[in-house]
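Listed next: structures, encoded as structure tokens.
Paired with chain B in one complex and with chain C in the other, chain A is shared by the two complexes that follow.
After this line comes the complex of A and B, so read on.
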């Protein structure tokens, strides 16, 4: 019975850690961006300050029930995604539901929040939000293609769809997925850039043209909830890709290093690239990444 | 014996009902509603009471031995017909209130339902074909119900149905030449004795016949226009149930007729890929539709593609996925067509570019459409996810790697049209012209919400559906079908625990909702959709801030190279060329007697010259 309590504690602690790490990374990214652009930049704790301020603000207006529920949909999806991802290797405390779900489920639950957000943003009536959603969904069809091909290759090769089992086969540095199945991993990591939506793939938010798009009508506590959701989701995505391609992590120190390096990858690609147009972004994924993913799947299928 | 008499009784009551409605409509219009309800609910109740295996009722008609009966497989489909049939009928009563020619409408409507009962209860090929044709005729009358302009859609539907019917008839007659007995039981026995070519030929003919009704590419072209033209209550039935008759037939053909075609046979693979291509292309066409019903029609075609894949692959898991998806499609597509029909009834429009911001005017229709699109998208925790999960896992474990990629991509692209559907109609700017719109009356929203709650139930406890499906699959020849109430698992031993998932989703959702509602309840007030962030500019009353036209323009540009070709164009050019060919033939018949005399002479000369060839006679 006492074990169950510990598990319950895990369900509470995991999202908290996720949001703290997520906010820290967001703060760091602003600092790094500023240094690259030869500015001083805000302090690393700026994200925490922002979100605490937003939580304590009174929200004055809303546009109806769907907008009211939009951020809730988003945070539900973020936290549920996190529960089904093994945060640490061999740790029952952070395993949460990860033995009871699989990758196909994760692919779907990750869209749940975006759909909820899109619906919420839709009700506000802001044309920028609608344009942002239209771009975001279009872009999703772009990066999902190499993502699916890469992941399928991995699932088929190891004959499992469970993330825990996929971590288990990557024991030791030389068995990381990126070395075992380089092609599938490259396709997956290129798709990862789309998941993170940094430049050149930040078309849905495009601060300069769309005034940050879908979230533009959300203020106060709505925005606070959405920021929390975003930080948790960023962490969940990073852990997912570390679990998939870099062998997971057996302690927090390892996890932080791996996720941060992965985060920097998306950030640095963004810092040196201008934004794509939406169709360029889609076509980018439909060309080389898809070809690489298809080749990976073909090799696996051919080997039987 | 009691139970046995029920089937003729059900069919008699159902068919009598349709005629009775037609008569009473002109004599006692006030009794019409009562009669419609009695004659749809009574047969549905009797169907519900039928046992899974009732034995056969035999009788002779024109020298042919006909037999009717039920088994677990037909019972599953008869319950789908009964359920959706009753709900669509209740919905139709309010929907059709102000329209004319109601006697005609209900004659065709109830006849379609009755004929579908007939199809699933038929235990011989002749009555199957007979009811199949009645269904086609009745549904054709409904497709052209609204106006003369729908003739084109109607004729297209009819031509394709006729092609399907002829290939069915050919297959049946061909089979009869071997068996001399039309009953399904005898047919199942004889088929394994035929050689492969014969089985292949029969199978292709049957699949063509059934494939037309389930809108499989390349014989899908009738579907978008026919679904578009039919009145909404019937479209719900058309797409939800009538298309499942094709699925029903395909299931019979693939698992009962084709004893000789094992898994991985070329016909199965081709059929599965046809399903995959259908799903992918129909999804992409759906994205660019601006008419709500046409969009849903293409979506319907795509969903039927998934079902076909599952049936064609033919592992226990994929068949379970296919039948589950078929039931789910029956539920969510009728739900969506009903929701869109409500919007059409209240606003008179189906144009996605014109409608906007109805969420606060028609909240219940919004909830229905919302649940519907979440189910179609296959997002957890609703029922659509269960079907999608089973389908993907069954394809992965049965080594259809590229097919699963195609399926997955088309299902991701489905988000695009689904979001557009709900956004353009219910969300976005609220316009003055829609201020007077009210929610539809209760006979319309009650059926919609019943279906919506079913999608939730099946998402949490799909076992409720798995049980009858497993029974039906036993009839199809799958002895060992594993299922559990709330856990899905594949043959590799991976699983998804739906209870864990729903616990997580619902608890976090309720906590979040409680938090935001409790904190914001008193402080926030509602503002209109004109009161938004517009970079300092204040939008005037009449400023148009709706973003709906060309909603996916960037995607269209990106995907343009893929969409150069359309199958409809192929058929149209085929028809055109055929017309030219017949035009040439017209020149042969000049109307001049001397030309004809010349033809006769030429014919005789040719006959003499080639007589050795033709008759084997040497001159």
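After this line comes the complex of A and C, so read on.
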């Protein structure tokens, strides 16, 4: 196999673009939140300013090796996740590591960052972190069920586990997955709300109740690393769900529009809802989204 | 502004970027010590909207930059305030809020409140009033932003350099000092 310089350049450029887009979306979300609450709100670049400030903090303390490694695991997992998602349709430059079984691999690797965070937050010894970690992992058990059921239905129906092949079958507006397989898509998109962790599913972070949960003992550069990781991961998740259900994107303009609309969906749901309790959020996913996902899988099995 | 990058004694371009970032992103520790904390919700919410200036609340001291001492400080509260302040990551700033932090205010002859906050923590900005209205609070924050951009808000360096003096003054009022001398 020949060494591919264009792909190497893609590996360097993709995380940079992802973090810039992620931070811009986070800034826009703060602005939109402010406008909804009848405020002026911060500037759109506020997230960039925040993260530069955190990187330029003069001191940073840690409570042990695992807390030191936690944010590093998180950012490694975010970038790895991004590398296995084809950012643009039929693009050599942004296809990255996409291979035959990448959808199955993504199901596993997307959990890794949260597990790293859990290990890191566990060592701080802060009770709020421990509660936040346990809530986050319980919630993950909740939303992973409809997500996997929906994806399984899609994979069985099209007999492929490759994201690029799945994008290829969604050629044209009418063939988007959300119109081809509406039940599986609804299950997946409800699970997407859990991935984004906006209200009512911001159970693990709960600033008023848990003092921001897992990251409560992280300050300075550790927090900055976690914010960077979060921005990259947000972009990766948005691109994954656009690729899965909305036919991917063939240029950046299309990609930005589709991802932003998807981002607004999670944000607007969050703006009008209070927070669930842990058991309520798990019950939510194990009731209707799971039923819809199971129905989608049954229909696929019945049709053959 | 005339900036010479090669001037080693002057402020480097990195310092200017850093002070710009810390100026426009002030995270306040959500910890109200006295009655003045009642003025913080109107400052943060729709009417006065402090988030315009990048000022937001943060739940834990590790993430926060600004410690807002809202009103009188009982000696019991002072102990918690010192712990919170020392857990914050520098550069960090203290704003004394209301007359009580300046000279004791209406608690000037109380047996268990401190009279002058400056003896125990390095205060960068005082906001006068009992209580200061949200406009006054925002003007205090803007003053702090000006001081940061001029490189004047160095309270945390003063505290680090004179830790022994501050610690002895703190131990004078806190009789039962049952916490480690090293808090951060």
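The rule is simple: the second predicted complex is superposed on the first by the 298 of 304 C-alpha atoms of A that agree within 3 Å, B and C clash if a C-alpha of one lies under 4 Å from a C-alpha of the other, contacts with A are read in each partner's own complex, and residues count from 1 in each chain.
In the analysis below, a residue touches a chain if its C-beta (ideal position, glycine included) is under 8 Å from a C-beta of that chain, and two chains touch if they have at least 3 such contacts.
For clarity, every value in this text was computed on a predicted model and none was experimentally measured.
Asker: Pick one for A:211: touches chain B only (first), chain C only (second), both, or neither.
Answerer: Both partners, chain B and chain C.
Asker: Check the residue A:50 against both partner chains and state whether it touches chain B (first), chain C (second), both, or neither.
Answerer: It touches chain C, and chain B stays clear.
Asker: After lining up the shared chain so the two structures overlap, which partner does A:60 touch, if you call chain B first and chain C second: first, second, both or neither?
Answerer: Both partners.
Asker: Please work out whether A:180 is in contact with chain B alone, chain C alone, both, or neither, and reply first, second, both or neither.
Answerer: neither
Asker: More residues of chain A in touch with chain C or with chain B?
Answerer: B
Asker: Would you check which partner chain A:42 touches, where first means chain B only, second means chain C only, and both and neither mean what they say?
Answerer: Second partner only, chain C.
Asker: Looking at A:91 after the superposition, I want to know if it touches chain B, chain C, both of them or none. Which is it: first, second, both, neither?
Answerer: Touch status of A:91: no partner.
Asker: Which chain A residues come up in both lists, the one for chain B and the one for chain C?
Answerer: Residues 58-61, 211, 216-217, 220, which sit in both footprints.
Asker: Touching residues of chain A toward chain C in the complex: what are they?
Answerer: Chain A residues touching chain C: 30, 34, 37-43, 46, 49-50, 52-53, 56-61, 128, 207-208, 211-212, 215-220, 223.
Asker: Spell out the part of chain B that touches chain A in their complex, as residue ranges.
Answerer: Touching chain A from chain B are residues 357, 359-360, 363, 370, 374, 377-380, 385, 388-389, 392-393, 396, 399, 401-402, 404-405, 408-409, 412-413, 415-416, 419, 422-423, 427-430, 490, 492, 494-497, 500-501, 504-505, 508-509, 512-513, 515-517, 519-520, 523-535, 545-548, 551-552, 554-555, 557-559.
Asker: Tell me, which parts of chain A touch chain B in their complex?
Answerer: 58-66, 68-69, 71-73, 75-76, 79-80, 83-84, 97, 100-102, 104-105, 107-109, 111-112, 115, 118-119, 122-127, 130-131, 133-135, 137-138, 140-142, 144-145, 148-149, 152, 155-156, 159-162, 165, 211, 216-217, 220-222, 225, 277-279, 282-283, 286, 297, 300-301
Asker: Spell out the part of chain C that touches chain A in their complex, as residue ranges.
Answerer: Contacts found on chain C: 17-18, 20-22, 24-25, 45-46, 49, 51-52, 54, 58-63, 65, 88-91, 184.
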